[in-house]
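Multiple structures are listed underneath, in structure tokens.
What follows is chain A paired twice: with chain B in the first complex and chain C in the second.
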Partner chain A sequence: MSAHFIKESDFKAFVSALIKAKPVYGPTAKRSKFVFSRLESPEQLRLDYDVTLLPPKKLFFPTSQDLVRFDGDKFEACVQPEEKILFGVHFYDVKALDMTDLLFREKNPDWNYLAHRECTTLVASSIQAVAPRAFWGSVGREVQPKGHDAFLTKIQGGFVYEPRTPKGEALLKHGAFGKASDEQVAEARKANDDIKKRCPQELKKPSASIARKVRAAFDDETLWDKLAEDCFSCGSCNTVCPTCYCFDVQDVWNVDQKSGARTRTWDACLTREFAEVSLGAGAHENFRESRGERFRHRIMRKAVYLNEKLGGPACVGCGRCSSACTSDIADPVRVIEQIVKA
Partner chain B sequence: MAKPKVAFFDFACCEGCQIEFTNYGEPAFLELIKHVDVVEFREAMSEKTKDPIDIAFIEGSFTREGDRARLEEIRKRAKIVIAYGQCATTAGINALKNHTADYRKEVYGKDAGMPHLDSQKAQPISAVIKVDYNAFGCPVNKVEVLQIVSHLLHGKEPVIPDYPVCVECKRRETICRYEEGDHCMGQTARAGCGAPCPADGIPCEACRGFVSDANQAALKKALIQKAGFSEARAEGKSRMFTANQRGDAK
Partner chain C sequence: MDSTCTCGEKHGKTQSNLFLPKEAKIVRVEAPTENERHFTLKLADGSPMEFEPGQILEVGLFGFGEIPLGFASSPTRKNTFDIVIRGVGRVSKALNALKKGDSLFLRGPLGKGFDLSKLRGRDVLIIAGGIGLCPTRSLIQYILDRRSEFKRFILFYGSRDPKQQLFLEDLAEWRKSKDVEYHETVDKGDPSWKGNVGVITRLFGKTNIDPGTRAALCGPPIMFKFVIAELDKLGIPRENVFVDLERRMKCGVGKCGHCQINDKYVCTDGPVFSFAEIQGLEEAV
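Showing the complex of A and B:
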């Protein structure tokens, strides 16, 4: 598909037209940080964001989502997908969505996620500001983002818009686009290549060799206990991660004690309760009892266990976990460095 | 359970958690009493009972030996005992007195000799009787209490969170207090409140107590290194609601 160009001065009108056509979600400012939220005006869109607090996954897999509503013996599925445009997703988050797309689709397809995902037009955008703990320039280089319908790159004087699917092409009619010149396309390429060299952190080794080293450290209990010494089991590293996808399901009754909802909520394997299972008769067992075991489990999931299925590590280098961890022990780059050194 | 009999009892506390029970608003409260038969509740009615009860909500801490017999008597005739509010679950704020010797003079001055001030260590009611479930919080979270009651009415185990408040802050995309140059205790505090304080820019004070495996050493470290607290302030910081759960509990 061919590349298009829109002038900076025409861009606002394009976003306004999109907002008129469909609900549009994009990065917006929340004090000093950014969050994906529904746009009411083009001025709210902050394509100069570095990273959002939560990843865009929340639009397809909300932090808390009613799956079924019941009333006595009657029940109905209540997922109501909304046709929408998700605008301004960085490539690392597109990679993460590719992973959750695959994980929610395999075996028993999870329509509660897929229904939301499939009615979305996803416009990726180039990175203009680099987050303080980002390492997307070096992690999982072998994996390319593919789940977007178009890619928008900021260049001199405007944006290059490259549709990847008919859905992405369909948005062209909302803006004053012209054909992008070869120079503009080359400038966009260069911008997207150059930014990858500007991450403050870097994984020095390729994914396969990291995976081997991390797996080999599995039995080094002293190492994991040491790495997790200051861990609060707070699950922040899970909750902010774009590739985490575990959830818990609970039934909640309304005060009439007859009607209610079955709700799923994000879960986190770093919390103590996560691996607690019932043995019946009120007894429990926790199969990841210590902080070290839980800490190890996350690193194994991000760097080793899923690599074969996903074609690369289940970490996209957004650095959200590194920033979210109050003890500053969750950073995958530093953890991997320490494992490799040990 | 056919319309279970519910009663409220209070020990050393401010009775704020009982007041919280009347705060559902009329429609919800009137709906709720279609499902439970409130037989004793001194914040809202004058009747008392000596009959067997299905669910006893016990508010307040155990601070006087003289209360032992009354607690045991309630336990004997109650099918389910719920420790109701932070004073009952961990002795909450009351447990601060466990660390002071001079509170009578400091607080009551010339009235320091009043006989009812003659109390011992503040303890949770579980120090005296078996507690089946805990409704944490200072005050309790009324939505959670409703869910505990619902689960019991349906013969299910109530689901009571034992993970830190960070989980709830992150879910609602609250900017971390530490990121804003402040301090917080949400990393060790029991969630279930929905994390309203940090969302309003106020540090979490752990009013639902600590989670069961709170990393107290790491909390102190974060308070010193990230929030710039002095050693002494970091050490004492969490005591307000967790005096009985800390490493130095009396």
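Showing the complex of A and C:
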């Protein structure tokens, strides 16, 4: 599909037209940080964001989502997708969404996620500011971002808009787009390549070699215990991760004590009780009892277990876990460095 | 509710929602122990429940939640199916308060059960510890119902004490039956108990077992380690040892992450695994 150009001065009108046409979600400022939220005006859109607090997965896999609603013994499913535009997603989050798409679709397709995903037009955008703990320039280089409907790149005087699907193409009618020149396309290409060299952190080795080393360290209990020594088991690293999708399911009553919903909420494998079962008489068996075991499970999930299925690691280098970790031990770059050294 | 989107597409309209259960009616309730209830069930719409021994179900009650359980009866017994619930938490206690004629709500069958093709034509040894007898009862009944398809059939059952024994009618029958070589023990006897006392591995001294035997195990995690050591001593290759595992599960369909052992999902890759498949996985037993 061909590339298009929109002038900086026409851009606000484009976003305004999108907002008028459909619900639009994009990066907005929240005090000194950024979040994905519904746009009410084009001024709220902050394409100069570095990273958002939570990844955009929350729009398809909400922090709390009803799966089944019940009233006495009557029950029904409650997938009610909303057609929307998700605008301004950085390439690392696009990669992560593509991974969760695959994981929710494989074996038993979960339409509670997929329906929301399918009716979304996903517009990726170039990175203009780099987050302090980002390493997307070096992680999983073999995995290309896909699954987005268009890619928007900031260049001198405006934006290059490259549709990749008919859904992405359909947005063109909302803005004063012209054909992008070869120079503009080249400038966009260069901007997207150059930014990758500006990450403050870097993985020194390719994914396959990291996966081998991490796998080989599986039985090194001392190493994992040491890495997890200061872990609070709070699960913040899981919560902010764009590729984490574990959940809990609980029934919640309405005040009438007759109706309610079976609801899923985000869960975190770093928490102590995540893999615990009750044996009765107050006894428990925890299949990942120690912090070291739980810490290892997360790193294995990110660097090893899913690689074959996803074509690369289940980490996209957003650096959110590094920033969110209270004791600052979650940073995959540092963890991997220590494993490789050990 | 219609899953039609505001965009007019019917995303997943033709797919059934993974979390929608089927209603089942309770045909019979028994109380084998103080904490356990043995339910005999029938699907409310009259359709048969088709499953394999070793497969699991999510059993739930709206307003309380769901728990994963194995089938406790064989698919060869067509009209009804059984589950046994130990009342340990909020959901299981709510389920155990149900009476004959009440409804509960099921998703399943889920996961992979015992690979019967690997057991047919072979000597089969089943080792069940405590409540581990429930999911293995599905296989036990299957073998007894199709006895000619299997060779020698040996069953070991261990309980904490005589009061914890489940399926008393079955046990009485198995003790007399010529179709199964049944051996039982309790960790701690009582004055009325005349049988074996001691851990389940003691039963290995009661009979000779051929190294070509296929073994199926279900019980508390601690039991696996000791039983597998005994099976190793007998020279039974680990690919012929099948373990039925229990884990925390929320979805039962390979998504929620709770039941993972390393990179395997107990709910979809198991709950029955050959021991060779999982022996390298440190978190397995």
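The rule is short, and it goes like this: the second predicted complex is superposed on the first by the 338 of 342 C-alpha atoms of A that agree within 3 Å, B and C clash if a C-alpha of one lies under 4 Å from a C-alpha of the other, contacts with A are read in each partner's own complex, and residues count from 1 in each chain.
We adopt the following convention: a contact is a pair of C-beta atoms (placed from the backbone, for glycine too) under 8 Å apart; a residue touches a chain by one contact, two chains touch by 3 or more.
Since the structure is predicted, the reported quantities are computational estimates derived from the model, not experimental observations.
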Chain B versus chain C as contact partner of A:115, first or second or both or neither: second
First, second, both or neither for A:295, with chain B first and chain C second: neither
Contacts of A:82 with chain B and chain C, given as first, second, both or neither: second
First, second, both or neither for A:253, with chain B first and chain C second: both
Which superposed partner A:107 touches (first chain B, second chain C, both, neither): second
Contact breadth on chain A, by residue count: chain C or chain B: C
Which superposed partner A:239 touches (first chain B, second chain C, both, neither): first
Partner chain(s) touched by A:219 [first = chain B, second = chain C, both, neither]: second
Chain B versus chain C as contact partner of A:5, first or second or both or neither: neither
Chain B/chain C common contact set on chain A: 250-251, 253, 257, 260
For the chain C and chain A complex, residues of the former touching the latter: 1, 3, 5-7, 9, 11-12, 15, 17-21, 23, 35, 60, 62-66, 86-89, 103, 105, 220-221, 246-248, 250-251, 253-263, 268, 282-283
Residues of chain A defined as touching chain B within the complex: 30-33, 35, 53-54, 63-64, 229-236, 239-240, 250-253, 255-257, 260, 265-266, 268, 271-273, 291, 323-324, 326-327
Residue ranges of chain A in contact with chain C within the complex: 67-70, 72-73, 75-83, 103-104, 106-112, 114-115, 118-119, 218-219, 245-251, 253, 257, 260, 262, 264, 267, 269, 274-281, 285, 287-288, 293, 297, 300, 304-306
Sites on chain B touched by chain A in the complex: 24, 28, 31-32, 35, 146-147, 150, 153-154, 156, 159, 161-164, 166-167, 170-173, 175-176, 178-180, 184, 186-188, 211-215, 217-219, 221-222, 226
